[in-house]
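Take a look at this one; I'll ask things after.
Chain nomenclature is as follows: A, B, C, D, E and F, assigned in order of appearance, with residue numbering initiated at 1 for each chain independently.
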Amino acid sequence: MRLPRIFTPRFVASAHCDLPCGVYDPAQARIEAESVKAICEKYQANTDAEFRTRALIIKEQRADLVKHHLWVLWTDYFKPAHFEKYPNLHQLFNEATKLAGGGGGAKSSTDPATADQLLAKIDEIAKIFWETKQA
Amino acid sequence: MRLPRIFTPRFVASAHCDLPCGVYDPAQARIEAESVKAICEKYQANTDAEFRTRALIIKEQRADLVKHHLWVLWTDYFKPAHFEKYPNLHQLFNEATKLAGGGGGAKSSTDPATADQLLAKIDEIAKIFWETKQA
Amino acid sequence: MRLPRIFTPRFVASAHCDLPCGVYDPAQARIEAESVKAICEKYQANTDAEFRTRALIIKEQRADLVKHHLWVLWTDYFKPAHFEKYPNLHQLFNEATKLAGGGGGAKSSTDPATADQLLAKIDEIAKIFWETKQA
Amino acid sequence: MRLPRIFTPRFVASAHCDLPCGVYDPAQARIEAESVKAICEKYQANTDAEFRTRALIIKEQRADLVKHHLWVLWTDYFKPAHFEKYPNLHQLFNEATKLAGGGGGAKSSTDPATADQLLAKIDEIAKIFWETKQA
Amino acid sequence: MRLPRIFTPRFVASAHCDLPCGVYDPAQARIEAESVKAICEKYQANTDAEFRTRALIIKEQRADLVKHHLWVLWTDYFKPAHFEKYPNLHQLFNEATKLAGGGGGAKSSTDPATADQLLAKIDEIAKIFWETKQA
Amino acid sequence: MRLPRIFTPRFVASAHCDLPCGVYDPAQARIEAESVKAICEKYQANTDAEFRTRALIIKEQRADLVKHHLWVLWTDYFKPAHFEKYPNLHQLFNEATKLAGGGGGAKSSTDPATADQLLAKIDEIAKIFWETKQA
């Protein structure tokens, strides 16, 4: 049986704001990216024109949220010392946000495989994020 | 050592959209509520007028997001059968969103204790949410 | 001849905000729902692909506003005493917001009949709202 | 006894969108302006610093909505023939939106009298609006 | 060789806000309108259904921004003395915002020629704007 | 006499969208940053409590727009080849968006000097942007 998050070993859930409040969590980007993937899968399985138009409208919005949550992590959470320690972190974020966007990314693609690439990039970022939280 | 989410037993992370995409997760509301609490704590610890004004501006936004994420769960995720099985679920959501709002809730209060009450309500909802996912 | 609102017997027009300001009016939800219905009618009468895509884009936005205005009434205007007096009020709001949403509601339907059902639910809510204002 | 809108002689409630859906109603601007006025009154009656900051945050938002709803009527509902018939209509809208804005209008003022002037302008616009609907 | 803006003779770049901050610039509307035109051109050159749906979604957003930036100039920047000196200024703004909107304007049209008409109107407004700045 | 933009040697004004439409312009970020600076100056010159609260509310919004416009340039306009040619471009954008944000940047500061630093960073980015457009 899978244990939902609230029963797993606790860590400080983490969002953000520009106070800054100090609460950040890559889960915010990941959840929206999983939504993008689910939309792609439903899009491929349904040829109804109205459904497909709605899927594209909503995928655009969710992918925008992926970009936003990643941008916030990149600008607001990560500090110069982090970028020194992880020299490819800038590029990782740039690739991840491009993968969420319109030029071949999750916005212009309806292929779940593109969403999978986006999810993989987010997980790379999350891995670094949690390393820095434990440092 | 705390294990971040990506290393814990996996479950389908869950957001939402009105396609519907079928992805929902109470973590979205919880993360924003933790942000509200962190803002309250920083507010109490800092008497600078500019800082406090900014704290109130941002708390208003984060509390709005709490309300939004809870409303989405209540309307979009939970189905009539759930409300039959959990007769107090409507009231629970109504109390939780009121606790995020302006009439004595997290918007009009700067007391971290109010945010704690909000977090407790969200956890009650999350517990039911995960029970229904495993049903 | 129909008399527009400003010449009818006066009542306090009612919006909302989270101050709270105390101004609420079910007309806000109803106006957006009438917009949803008008879009459905125009959609059915026009097979042009560009027009239909735009209709779906805009209907999504108006239906979102219906949900938002109803959620605000449910959380911010109605108090515990109201829910005691009107035991089906929670369910009424849940059904109304579902009727505005994506799972068979006004978002996923282009049938004006769905919008009519939504309007009928809003009128049920409005009837209770005005009863409580006169209490 | 005051009769709420849904029991008064019926007219087509009217919002808007850019399809266009053909649904417009000056009530949308008026409701937000009444909210602005209520906020000003509560502001004047309450000297608590936190309350006052929140009042200013929310008044800014409601006044933005007044401007938006008026702009929509001016651009989307009214047609060249209307502006010919009502030569001062452009100026009326310009004055009304200025009264909602920051340079001495409802945004920069916390005086309920400013909100009253705004409401009066909106009623002038509503009177013309309903005349054109009956033409 | 074309010189980008930052190397041309300097003028105070100009945006806006409702403080008011006093910073306004018709370039904000023009940039979004050029985006609308580019979208129309790409739409005409690409018959892929997904691409076209996304083009309509995004054009709707950019055209909304054109309207917003123009409304702000009309209400917030221009003063009664300007409208006296330029008696057709009200009509110019009304025509420009209608050209950005849905009734035959840039929202409902995918013809780059409509976007060109919109751009020409914006340039007429910009010419007057800069005359008033130099007065 | 200063020449406004529409009379200077023409270049393609440049915004953006995620189609992508190919229209980008650093002027969008700069205009909002100039607004931030103007707000800081007015804030310093005016000790009225209501005015100052409104200034902080609006500065928060304008600084958010600065961040957004910069993020869009960084993710959507600049391509891998650009980042190879300008190895410090990632860091430049990270510093610029941090300067717009809350941790010592334009959001938490009311010092016009902070806004000046932000403007200088934007100009560095704009210089590179225009070099790549002419390449």
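Here, contacts are C-beta pairs under 8 Å (C-beta built on N, C-alpha and C of every residue); 3 or more make two chains touch, one makes a residue touch a chain.
Remember, predicted model here, so these are calculated numbers, not experimental data.
A.B. asks: If you apply the touch rule, which chains end up adjacent to both chain C and chain E?
C.D. replies: Chains that touch both chain C and chain E, as defined above, are A, D.
A.B. asks: Please identify which chain has its centre, taken as the mean of its CA atoms, farthest from the centre of chain F.
C.D. replies: C
A.B. asks: Have a look at where chain B meets chain D and say same if over half of the interface residue numbers show up on both copies, different if under half do.
C.D. replies: Different residues, largely: of all residue numbers at this interface, under half are found in both copies.
A.B. asks: Compared with chain E, which chain's mean CA position is the farthest off?
C.D. replies: The chain farthest from chain E, judged by C-alpha centres, is B.
A.B. asks: Chain A to chain C: how many Å between their CA centres?
C.D. replies: 33
A.B. asks: Counting in whole Å, what is the centre-to-centre distance of chain C and chain D, each centre being its mean C-alpha position?
C.D. replies: Centre-to-centre distance between chain C and chain D: 20 Å.
A.B. asks: So, what's the distance in Å between the C-alpha centres of chain D and chain A?
C.D. replies: Spacing between the chain centres: roughly 40 Å.
A.B. asks: In chain A, what residues contact two or more other chains?
C.D. replies: 17-19, 53-54, 57-58, 60, 102, 107-108
A.B. asks: Could you list each pair of chains that touch, in label order?
C.D. replies: The set of touching chain pairs is A-B, A-C, A-E, A-F, B-C, B-D, B-F, C-D, C-E, D-E, D-F, E-F.
A.B. asks: Per the contact definition, I'd like the list of chain E residues that touch chain A in the complex.
C.D. replies: 49-51, 53-54, 57-58
A.B. asks: In the complex of these two chains, what residues of chain A are touching chain E?
C.D. replies: By the definition above, chain A touches chain E via 52-53, 56-57, 60, 102, 107-108, 110.
A.B. asks: Once bound in the complex, which stretches of chain D touch chain C?
C.D. replies: Contact set of chain D toward chain C: 1-19, 21-23, 25-28, 30-32, 34-35, 38-39, 42, 54-55, 58, 61-62, 123, 126-127, 129-130, 133-134.
A.B. asks: Where on chain F is chain A touching in the complex?
C.D. replies: For this pair, the touching residues of chain F are 17-20, 60, 64, 67, 71, 74-76, 83, 90-91, 94, 97-98, 101-103, 107-108.
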